[in-house]
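Both complexes shown next keep subunit A, but they swap its partner, so subunit B is in the first and subunit C is in the second.
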Partner chain A sequence: MSVLLQYLVTGVSRGFLFALLATGFVIIYRVTKVVNFAQGAFVVLGGFIAYSLLGAGVPQGLSEVLAVLASAAIGLLFGAVTILGKMSTIASLITTIGLALLCEAVAMLVWGTTPLTYSGLSGHDLRFGGIFVQPQYLLLIGVSLVVLAALWLLLDHTYVGKAMTACASNPYAARLTGINVKAMGLLSFAIGGALGGVGGVLIMPLFPITYDSDVNLAILGFAAAIVGSLTSPTLALAGGLIFGIAEELVAGYWSQANETAVALALMILLLLWQSHRRQQVAKLV
Partner chain B sequence: MRRPRSLLGANPPATVGVLVIAAATLVLPQVLSAPNLITYVTIGLATIVVAGLSLLMGFAGQVSLGQGAFYGFGAYSAAILAIHGWPPIIALVAAVVMTAAVAAAVGALLLRLEGHALAFGTLALQLIFLSVLSQTPSFSGGAIGLTNIPALTLGPIAISGYRSYAYFVWIVAAAVLLVSRNITRSRPGRGLRAMATSPSAASAAGVGVVSYKLRDFALSAAYAGLAGAIYAFFLAYISPDAFSVMLSIEFVIMVVVGGLGTVSGAFVGAAVVTIVAQVLTSLGTGPSLPAQLPNVLSEGVYALILITLLRLMPDGVVGLASRLTKRLVRAKLERRATLRPAAGTVTGPVLAPATVETDGAHAARADGDTVPSRGGRAGGAT
Partner chain C sequence: MTSTGAATAPILSVDGLLVRYGAAIALEDVSLEVGRGEMVALIGANGAGKTTLLNTLSGILAPSAGTIRCAGRLAHVPEGRELFFDLCVDDNLRLGAWKAPSRDPARIYELFPKLRDLSRRKAGFLSGGEQQMVAIGRALMAGPDVLAIDELSQGLAPIVVQEIGRYLVRLNAETGLSVLLVEQNARLALELCARAYVLETGRIATHGPSALLRNEPAVRSAYLGGHVTT
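Then we have the complex of A and B:
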């Protein structure tokens, strides 16, 4: 029982990382219709920048905040490369693959190929019932919840958020009402970058990251986002938790080597089911 | 009235180009050194894969990030069957059929979703494929891979040595390119082209969009499986390292460099990217240089190629070249036409097919001009 709880705690914290990634996919896709393959690269770069700042003597906390801001700036830059000018869906997807490769090359050049980690929140492991939980797990869960809640407030209760939603539902009409659709697209990329950065700085003390972790992170974030058909932030959170827990249970009860494969098989089944459901709907209409 | 035809077909520069390349491919294996022969075979194999992926990306508007997995699946299927005593050529054919079947099974549903579903779905397939390989050492050799793959034999002829593989691979590549060219010019090809421009308009005109996309995808996987199977026999040794996600991305880069949906682009893209990768590796390798430098260079250059090409030259190197030659040819013809206005009635129809090339509507109108009656009653005249 306590073993299961232990897996659940780890699974939920990884799930929040996937949820942050998935929300990044959703925010960017809703506004720009771009599926950003470089989403995982934000996690890697955010984590690595925090690592270097900490190494340079910048105090804990400030380093992480600066790293998140840097990720947002990188996101903005990537948005500018991807959405300014006219591009087909396939071309923009391949452009973001190019950006992800660029990030890998830079990360490999600057930080090398060994896995990196740094110590996170200090303090003794907390004891709940029969299980021990590192404080960093709680920090990851807590900060993720706050960030996601803030994002929902932004989307539902501010002018900017409503403008972004308007761009998502009908870009043409949004432009007619005076909303700058391109600026909203850039903003969505900056938010996507910041979300990835938050995930990166929080996960690195728990799971070491290498320059090429981005592909696995991106595809698992995408898998979580698919639960909400790439458009619903709430379902993306649910998807993140589902995939985080599923991975951890597979790793715990079967084999660590199979965790990603099983999660990805789950994702393919989910896609197949969605396609099947769409056919059923099409038949009814 | 029969249209006079040039000896070099409808597009003389392209025909000359194909003849030159064909002659070069026949001569090259005789003059290349052993390491260069390996590169030569690699380019041929990549050309086969890229020809399929280019059709998929150019016509179905879908990206596969799992072409490396289909390549690997073909290689492993052929190797395992051949090691278990199947005649190699049968193993090769079976590998191609199995790869196409896997793609068809996955694609049947994924292709109904938006483009990114197939991209991430195939990427997931690749990661699952690599994971399964590492988990089944007794069957697939695990991380070590499979050795002692028998040589390829075609009946009494055994293909062994780099030179005979070079010929074999390029004969197969030429056949694949010819099949692709005929597909793009046949009725399904016109359907695919219509689909590339507007799926809904194509669907309204009676093109079965999903079934065409599915056939396109299965064909691209079959090409990849074929190239992979030949690769397994060529090296006689395969391991999971050879089928990384990076390989799949390299195939996509080759398509982008060559130009989406162009048949000759497959060859150009495969050759350019393979050679650039080799040059970068040799530049980045040295006793005092960091070990990761070759990878940094190649990934960085790939990234810049992808980003700048998609922004500046969306139809690739071949698209750019054909646009430039078309412009040159047209300028030349216009100059000639203005110099000899009296001969205009003759030169018009004769030269028209060369200038408008495969554009069916224009060619038909050029023919129609030779029929005496214009307009509504043209049908009655013939």
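Then we have the complex of A and C:
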């Protein structure tokens, strides 16, 4: 029983990481219609930058905040490369894959190929029932909840959020009403970068990260975003938790080698179910 | 700006406009004026350049030559309505005021009472006529001095077109809003507006009071389906 609980705690915290990735996909897609496959790179670079700042003697909290800001700046840069030209949406998507590969190469050159980690929130493990939980898990969950709630408020309950949604809904009409569609797209990429950075700095003390961790992270984050049809941050959170818990249970009770395969199988089932449901809706309308 | 001359100067004046798509010329030497409080029609066939003209007026396209002077704010109701289908009616209206100080759509609900009951509905689920009202409402939210409407009647039942036309005339009479009505449906446009321009393959072919244009043989045969009887 306590083993299961332990898996669940780990799964939930992985789930929040995936949810941060998923909402990154969601916000960029909702504003620009681009699926940003470089989303995992924000996690890796954010974590690595925090690691280097810590190594240079910068205080922990400040290192992490700076790393998140740096991730936002990288997101902004990626946005500029991806959407400022006259690329089609599909070309933009391929560009994000290229950017992800570029990040891997840079990360390998700068930080090498060994998994990196640093110690997180200090303090004794907390005891709940029969299990021990590191404070860092609670920090990850707490911060993620606050960030995700803020994002949900921004997207669905503020005027700026509505304008951001309008950009993807009808870019031409958005321009006619005076909304700066490109600026909104850049803003979404910056927020996407910051979300990845938050995930990176919080997860690194719990799960060491390597330069090529971004691929798996992006796939699982994308899978979680699919649960919310790439548009709903709340469903993306649900998706993140589903995949986080499923991954831990598979790794724990079966084999770590199978965790990604199971996650991908789950994602394909979800996609099939969603396209089926969409057809049903199309029949009704 | 407060000189007495401003009252009689046109709110919108376009002079010698040239617009290209690459090597192709879409508009050439287009000049027109809309007076304060005036309703002016721009009629023309498919591909004559009507939508190009409106997109140039609202800054989406840049002219290669010529000048556009607007002594106020211009709002554009685009062809095909172009609503934000993923957002509700109320959000569509409020976003129209992105660059305007007031964001309260109460005025629009007064004008189109039907929209009040639909305010929480996603714009994609409205009928064509309701969508057109939202599109006009969204443009009005910008607090315009000139409303440029592209294909008011497109895809709408005649009775709905009549209804929306009446709203426009009322708005014009009550608030002094100037209107540039771009239409393929020349009969409707000439009925609603006192003055009209005819655009043919990127050039102004003729213009004048609607009453005169209606009887011009070329206009009758090309746009009103009438026979030339001379």
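Criterion: the second predicted complex is superposed on the first by the 274 of 285 C-alpha atoms of A that agree within 3 Å, B and C clash if a C-alpha of one lies under 4 Å from a C-alpha of the other, contacts with A are read in each partner's own complex, and residues count from 1 in each chain.
Note that contacts are C-beta pairs under 8 Å (C-beta built on N, C-alpha and C of every residue); 3 or more make two chains touch, one makes a residue touch a chain.
Owing to the predicted nature of the structure, the values given are computational and were not obtained by experimental measurement.
Judged by the touch definition given at the top, the superposed model places A:L145 against neither subunit B nor subunit C. In the superposed model, A:L62 lies in contact with neither subunit B nor subunit C. Judged by the touch definition given at the top, the superposed model places A:G178 against subunit C, while subunit B stays out of reach. In the superposition on chain A, contact of A:A265 is made with subunit B only, not with subunit C. In the superposed model, B is the one of subunit B and subunit C that contacts more residues of subunit A. Of the two partner chains placed by superposition, only subunit C is touched by A:A163; subunit B is not.
By the touch criterion stated above, A:L4 is placed in contact with neither subunit B nor subunit C.
According to the touch criterion, subunit A has no shared surface contacted by subunit B in one complex and subunit C in the other. Looking at the complex, you find that subunit A touches subunit C at residues 159, 162-163, 165-166, 168-170, 172-179, 231. Only residues 35, 81, 85, 87-91, 93-95, 97-102, 104-106, 108-109, 112-113, 215-216, 219, 222-223, 226, 230, 255, 257-258, 260-261, 264-265, 267-268, 271-272, 274-276, 278-279 of subunit A touch subunit B when the two sit together in their complex. Residues 57, 61-63, 65, 106, 109-110, 112-117, 119-121, 123-125, 127-128, 131-132, 134-135, 245, 249, 252, 256, 290-292, 295-297, 299-300, 302-307, 310-311, 314 of subunit B touch subunit A in their complex.
Within the complex, the subunit C residues that touch subunit A are 58, 60, 76, 78, 82-87, 91, 94-96, 98-99, 103, 138, 142.
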